[in-house]
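Across the two complexes that follow, subunit A remains constant while its partner is subunit B and subsequently subunit C.
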Partner chain A sequence: MSSVARDRVRELMGEVMTAQGRSLPADDGAELRTIGFRSLDFSELALRVEDELGDELNFDAPGLRRIATVGDVLDFIEQLQTA
Partner chain B sequence: MTTRRRTTALIGDDNTVVVAGKSLTWRTLHKLPQLPSPAAVLVDNGADALAALRHHAVHGTELLVATSSRVDEYMREELGESGFSIVLPGGDVTPARLKRVEESGRAWLLTSGSTGRPKRIGHTLESLTTVTADQPPRTWLLPYSPGTYAWWQVVTISLTQQDQGLVVIEPHELEDWPLTAAQHGVTAASGTPTFWRQAIYRDSEALAAVPLEQITLGGEPVDQPILDQLRDLFPKARISWIYASSEVGASIVVHDGKAGFPREWLQRTPDPDRPMLSVEGDELVIRSPHHGAGLVGAVHTGDRIEYDGDRVLITGRLDTDEINVGGSKVSAGVVRNVLMGHPGVSWARVFARKAPLVGRMVAAEVVSNQSLGPITDADLVQWCSSRLPDYGVPRRIKFLDEIPQKETLKSDV
Partner chain C sequence: MSESVPPASVVLVSGGSRGLGLAIVTDLLAAGIKVAAFARTVTPELTALASKYPDHLYAGSVDINDSPAVQAFVKTVESTLGPVDGLVNNAAIGQDSLHVHTSPERLEDIIQTNLTAPLVLTRFVLRRMLAKGLKGRIVNVTSICAQRGYPGLVAYSATKGGMDAATRSLARELGGRVLANAVAPGFFASDMSAVLGQTQLDQIVRRTPTGHLTEPEDVVPVVRMLLLDNTNINGQVLVIDGAASI
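Up next is the complex of A and B:
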């Protein structure tokens, strides 16, 4: 399966935020709670990544863990693509 | 067969019927070779369907008429085993496998199949003729697929009432029907909201040139924006929407130009000649005098309602309308109405899409009104965000080039 590069995932995350009238900070350490990135936003990001991949992400494999920062989201999506 | 057959007085036999550009009357339509009875007449054009219907009315035969594309091999077998001879386009006849006595005057309809395989519902010409009051002289457009409930509604008006002409639109003529309608002076037309939306989208000037006095919508949820658009184009026409199905017949007719029906109709005094409407949970329940055979009593329609002030809106099918987003429920029909309320949107379909964390998310397909300039998914998200709870806002929106439409004139919204 091809994959969507981390930088591109970040751009997609920015698009999700922009569509909600917010902006994505450059700092990967930014707290999701602070920037207002919620579960609906995460789900939308996953769909955007799936649309670019042309395939579904496999959420069963890695098991959910604590995702608190922008960097956590990018790591997690990266991990899902290699699962 | 010695039992007496039921026949119908064809008051409209001299009404004009335009088929394939030719102006005829019911009486001068071509005659089909002697049809067996019971017969399932499968047609590939509107003229043959009308000829089969007239034969049924004159001779009191048992008839199912449908386009051949709606009746697959499996269903043909099933019909043969139920006693129907199958009459194919071109006239070839496959005799019935089961020999049985006909039910004189029985007309069979196939449901649209939106809830699975099409079902067979028994009616008679009388139970299908729901417009019985005298009508002003009109020329009706007939865009519906032969054999559907909506098709029967229009053809029975023309066959049983004076001065009710018909202009038949074949599937290949659907894109340009306003030109044909204007040419033949069509003054009344009935179609699905998808049908009307497509006509506005393709060429609203050509549509406005049709001298319409009566506009009817049905077969799909009817939203306020399409009613308003039609009102703008036809300020003097009567605009009606009808809730009708093969099972319960025409049960709700609304002429006030508003989506939904008045809430007070749920409390009407029982009257055996009038459909009784009620709600169980979120489901519309109807007891109708126009019901199909064997469907006496309350019919659970499977359609979902939602209250909006003093109106009751029918938002869509119960099994597909409700989208559960992480435990919060939203009606696809309501979201669709919001999208359709955007001036730049000509058509929208709203559906659930599987998503992580929340299980399902709201997604949409949209056809934009290009004459009003480009719109983006961000524009629509913003529009919806100010009108819907956050879980109801479509998060993935795909733009299509044109409005999809099925043979039934519906678009599976």
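Up next is the complex of A and C:
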């Protein structure tokens, strides 16, 4: 399976936030709670990555609950693509 | 006046090796009822019960999705303990994933295990019961998820809602010869409830007038009543959640 690079995932994450009138901070340590990136936003991001990937990224919820920062999101998407 | 349905004397419990299923098996044995329990894996706890109640408990390792194996198990139960006149549909698999991130294959598994398989088992047990001229009782273990919405449990909730609906139709269809009811527990502080995460569980506890999540001990007496007591309860779904959902 090909993969979507981390930088591209970050761009897509920024697009998700821009579509909602917000912006993605440059700092990977930014808290999702602070920037208003909710679980459904993560779903939207995952589906955008799927579109570029041409494959589904299905996963259980516990992994999602551990995500707290922008970096966590990027790490998690990376892990999903290599699973 | 039509005759009431007698208490069940031989009860088949699916998913009876752990959690609520094991608690139901334990309780019925203590009440002197003959019990047949099956699950994918027979746990040491169930094996210990079989040693303690060798004449009253028949346990086996059977996957509820393996219909021929389940039917063979029921026939063996009949020859070992006697005709089955009570059924507890308890076996189920959980879910912990948002619907959009749940694969179609996983959706099929959940529906197969939680809805199709218990309906097939119920059909088989009822056919045996009716062919022998028996009356009987069915208790379906469903969930509060069938009535209230929770994230990460879309397919699971759909199957439990399906079983609630089937319970009502069975009660109508069986004309009082078999009492069909369901119990709908709230969230357990156990593995099945891990799906919600601690934050959501804490929130449910705060909103529950009785102040605690559902325990198997809360549900067991209700199942026993539906199987053994002389009531006119039929086609009902009894919610056991400390009023968390009202």
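In this section, the second predicted complex is superposed on the first by the 76 of 83 C-alpha atoms of A that agree within 3 Å, B and C clash if a C-alpha of one lies under 4 Å from a C-alpha of the other, contacts with A are read in each partner's own complex, and residues count from 1 in each chain.
Simple rule for what comes next: contacts are C-beta pairs under 8 Å (C-beta built on N, C-alpha and C of every residue); 3 or more make two chains touch, one makes a residue touch a chain.
Just so it is clear, the model here is predicted, and its values are computed rather than measured.
> For A:L47, select first, second, both or neither according to whether it touches subunit B, subunit C, the two together, or no partner.
both
> A:S39 contacts which: subunit B (first), subunit C (second), both, neither?
Both: A:S39 reaches subunit B and subunit C.
> Taking the superposition as given, does A:T18 touch the first partner, subunit B, the second, subunit C, both, or neither?
After superposing on A, A:T18 lies in contact with subunit B but is clear of subunit C.
> Contact-wise, after the overlay, does A:L57 reach subunit B, subunit C, both or neither (first, second, both, neither)?
In the superposed model, A:L57 contacts both subunit B and subunit C.
> Hey, what residues of subunit A end up touching subunit B and subunit C alike?
Of subunit A, residues 39, 43, 46-47, 56-57, 59 contact subunit B in one complex and subunit C in the other.
> Taking the complex as given, what residues does subunit A use to touch subunit B?
The contact residues of subunit A facing subunit B are 18-21, 39-40, 42-44, 46-48, 51, 56-57, 59.
> Touching subunit A in the complex: which residues of subunit B?
So the residues of subunit B in touch with subunit A come to 325-326, 353-358, 361, 363, 377-378, 381-382, 385, 390-391, 395-396.
> Can you list the residues on subunit A that touch subunit C in the complex?
Listed in rising order, the residues are 39, 43, 46-47, 56-62, 64-65.
> Provide the residue numbers of subunit C that touch subunit A in the complex, in ascending order.
Within the complex, subunit C contacts subunit A at residues 96-98, 100-103, 106, 151-152, 194-195, 197.
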